[in-house]
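Below is one structure, written out as structure tokens; the observations come after it.
We just call them A, B, C and D in the order they show up, numbering each chain from 1.
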């Protein structure tokens, strides 16, 4: 069953979760609905921060920091730069046909219903969490896992980034005019 | 020794053929003709050797050369069987063949392709020998098809004329219809007895106790169809008159004396098979009689000298089949031999006439040639008397025996055969009177050039005329003087005609036959000599004689029923079936194309649509996985 | 050490992720602006990441976080390339409305 | 010494020919063609001495595929046909100029290589690869060097390509299924399978589709006439002389032993299809205006008879079919070459525009006539031996089959003689017809000589193929 935290008897952790969750969802919605792309981007930044908050809540400090650096720091800056490069504002938004809206809403509802229904029906075992007290998510442990077990994928990730970099440079370079 | 001589016998004409094919042109006409003739004479001499030997020892010779085809349990050997029948056949094949080669030497001398003519003739003799001496049905089949091929080549010898080519093609295809019958007959025999060899076949049949007569009858019937094709019997006879398109020596050799008797040879050879199928024998007899009559009636009104002889040949072959059907194989063989003599003589004589008139074949434009061509006239007269059954000439004896046998078995058949022979007498003398008596009706130019043919042409005529006169002595109607029956006796399992003396009935019949012949001649004399009637022009022919003149329209009917049908069918297949099949295959491609055409509209580039589909798909998959787990 | 999930419950994280993901999907379908579409995709990615981390805590296993790490790397690369593409599209077409990007259709 | 050498020789030949350049290509190709013929004869000799000339090695471990080339009498007979015809075909093209001839001749050798591989392969997947490989060169040969309107040609050739490819895919499916059952593609392992009759039926049908299109049997023949007409004569020779035999060979080697129950159950139907092909092909051939199309339909009729022979499932039928395959291979190559010779002089393939050639060139006429006679199976030609044996086997099943199949000797004579009459005979043609050149003459004489030699003495070939056919026959009759 859905376990709704009782706000009256909520622990601080639960309250923090609720607040963070609300911020996350609200800013996500706002990202989508705001007409100005710059606003969207800023809402998205807030959304990412709240997700980082979730990570912190889950005691994943390293990830939270990385998340802020990568998403809020790098990716969102990229977005903002792009938006500014293109000089986008509200006028650029075209009229959306009704069928598009309908389709979007239908798929939103559908996917929500399917996912939630499945989740409810699959009756997950809730509440019995073990905590061995073992350290599993400190930077030290993560580093060991990453560089021992996931050595090769790690290297591949770096190659991927390199390739992406080169690709980006190539793509965004202004093409020489054809002679 | 025997093997070597047999090989010489078979291969001499083939060698002649090869030399003429490869070197004929450079050797010149005379040499190539000489080679052609000599090679056949060599065969003739070799045949004589075997004839002497077999006539003395009465032992057939089997010569096996090499394994040819293997089918299941049958190993077909390429071998020869020289016995009474084959040697007898070889005698007149090579003998008459040699004479006709000699004749052609002069007859074809003006033709630029004389060497290939001799090559084909030699090849024909080779295949004919193979047909006759083969020790099994497959070697016979080689010869059988081979002579068909040579007949094709020789009918179409003047290949620039497409009508001649059509005639050649027609002959070949009609022969092949018969060949299919023969082939099927061979298959059935092979399936039944696991052998195709004559000797072992005979042993198998005579030794067997319970024979499958049903299948044997079918086999016999199929073989008979083969014989029909080759020997021009109803319904496959129409090619033979058309085959007269070939040079006259060819008509004499192939289409009168030798090849067309192959069917009779085959049936005689396999007499032990046919004896087991009495129904088929009855069919053979009836077909033979009908053919004799129908061909004779058509022969009554023909104006082309060679056509008359062609129908006469068909008619005579019908008589032979009648004899075969009645089980009187030796009688048929006897008639084959005498017929070979007088018919070859008649054809060669007509050739001499045509030669003298520079290619004119229409009897309405002949007449009065008696004085200009005395030797031709006399020899042809003798042959005509022989074919008409005038006593003491060879034809009298052989034809009389057939009529006798027919009378013994069935009166209607005898009546039909008798009518046919009366007609024979009539149209033969119609031919004689129109050609040789009264005044010449051709152009003055032709009249000026009228002359007797050279010695090379007349010599064979004389020889054949002599043979046509005295040929009857080999089988006189008196048992003690009947050499042929005794000679052939070992071949036959049962004696068809009881040896009997001549009673009063027989004498009566003989007299009747002679009277019939004389009446036929008399009518012809009155009509064409006394009254000097000249047959009407083509357009003026009316009534029943028009039907006869147009050969009962059989060619037209065949054309309409078979040739036209098959051609229309071909057109239908080509234009309708082929295109629709093709369209069907293209249809598959079209359907795929159409699906693609409409399918591509879904791929319209709208990411929204893609995503929507993606979401739906995702939901579907997740739901499916989830529901499947339940 | 006390497991934080005892207080919040994994199911809440799942709901949160699902809704976040759906918002992302909705955004992609709803908006025509390529940049916003991109942002929506980022939201979807983050929804998944969040779930990874939650389950990592649930199982007390570092692997989940490692995956998040990789997915961030991929996301970074993707955004870089994607935005570069958008820039060049904008240069060529003068707009980044995805309705205009129909050259691939058959 | 084993058969892989032959394949290597042909492949190397193809490469060397390509590298030799346009001028030398034809001669190099001819050299390699002759070398492979020599190699085949040497191999044949080794085989007859009882040596093992098969070759097998592991090729792919997962899935379990071997590079297995097995040479028995049947395979060797077909290989002999291929390697004997290849030099003849190459030699026959000497009178023509082809642009980019190095590629042309290399493709011929490559095709020869693929077909030889098909005849030798005893591993299902390897066989399939060779089978499809043979399609590629003929596609290019027909497309690039073909004649007629380029658009029409493309249509016909692409149709042929897709059609045969689609058919073959079903065969691949069948092979995959068999592999799943047997765990190996090797023919010996596949033979050991005990398939239920319904499985056999499906496998039979899958194979049938592939082979019926390739052979082709009616009603799958629609690609044939057009491709024959459009392809250059060399391509037509390769197609009709050898490639069709791939289908027929495969019926004997793969289809019948793997699915004998189905073959037995549908025996009358299968023979009926073959015989229908005989009659239909002959009748359609009657009224063809194009010489090559006529020959294509005659080919349809002949392969109909051959396949009817194979489906009799008797030793005679199989033996007759193999003999007839070889004979037909030679005769059809000869006849297409005749068409090419006429085309070189008159620039036409329409029969109506020919005629009156005989008077100008007696040698050519004689050779042509001999080929025509061989085609109508006159006794003493090789075709007669094959046709007779096949018809005999048909008569063992049912006399009516023999009668209906035997119509080929009537109808065949009809359309062939009609064709001969209107191409060669008649009033002398006004256009000059130069007599055959030495090259052309030698090619035709060679073909005719082969046909007549084996027509009189087919024993060597009969002895070569009979043991392997008996083996296949025991395989066919293993379940009863």
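Just so it is clear, contacts are C-beta pairs under 8 Å (C-beta built on N, C-alpha and C of every residue); 3 or more make two chains touch, one makes a residue touch a chain.
Predicted model, so just to flag it, every value in this text is computed and none were measured.
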Greatest separation from subunit D - chain, by CA centre: A
Approximate Å spacing (C-alpha centroids) for the pair subunit C, subunit D: 61
Inter-chain centre distance, subunit B versus subunit C - centres from mean C-alpha coordinates, in Å: 95
Separation of mean Cα positions, subunit D and subunit A [Å, integer]: 66
Geometric centre distance via CA averages, subunit D-subunit B, whole Å: 37
Touching two or more other chains - residue numbers and ranges from subunit C: 25, 29, 99
Per-residue multi-chain contacts in subunit B, two or more chains: 608, 611-612, 615
In contact (per the touch rule at the top): chain pairs: A-B, A-C, B-C, B-D
Sites on subunit C touched by subunit A in the complex: 1-16, 18-27, 29-33, 35-36, 38-40, 42-43, 46, 49-50, 53-54, 56-58, 60-63, 65-66, 68-70, 72-81, 83-88, 90-91, 95-97, 99
List of subunit D residues in touch with subunit B within their complex: 159, 162-163, 219, 221-223, 225, 280, 283-288, 314-316, 319-320, 356, 358-359, 362, 366, 373, 378-380, 385, 388-389, 391-393, 395-396, 399, 402-403, 406-407, 409-411, 413-414, 417-418, 421, 424-428, 456-459, 462, 466
Residues of subunit B defined as touching subunit C within the complex: 600, 603-608, 611-612, 615
Touching residues (chain side subunit C, partner subunit B) in the complex: 25, 28-29, 37, 98-99, 101-106
Contacting residues of subunit B [partner subunit A, same complex]: 608-609, 611-612, 615-616, 618-619, 622-623, 626
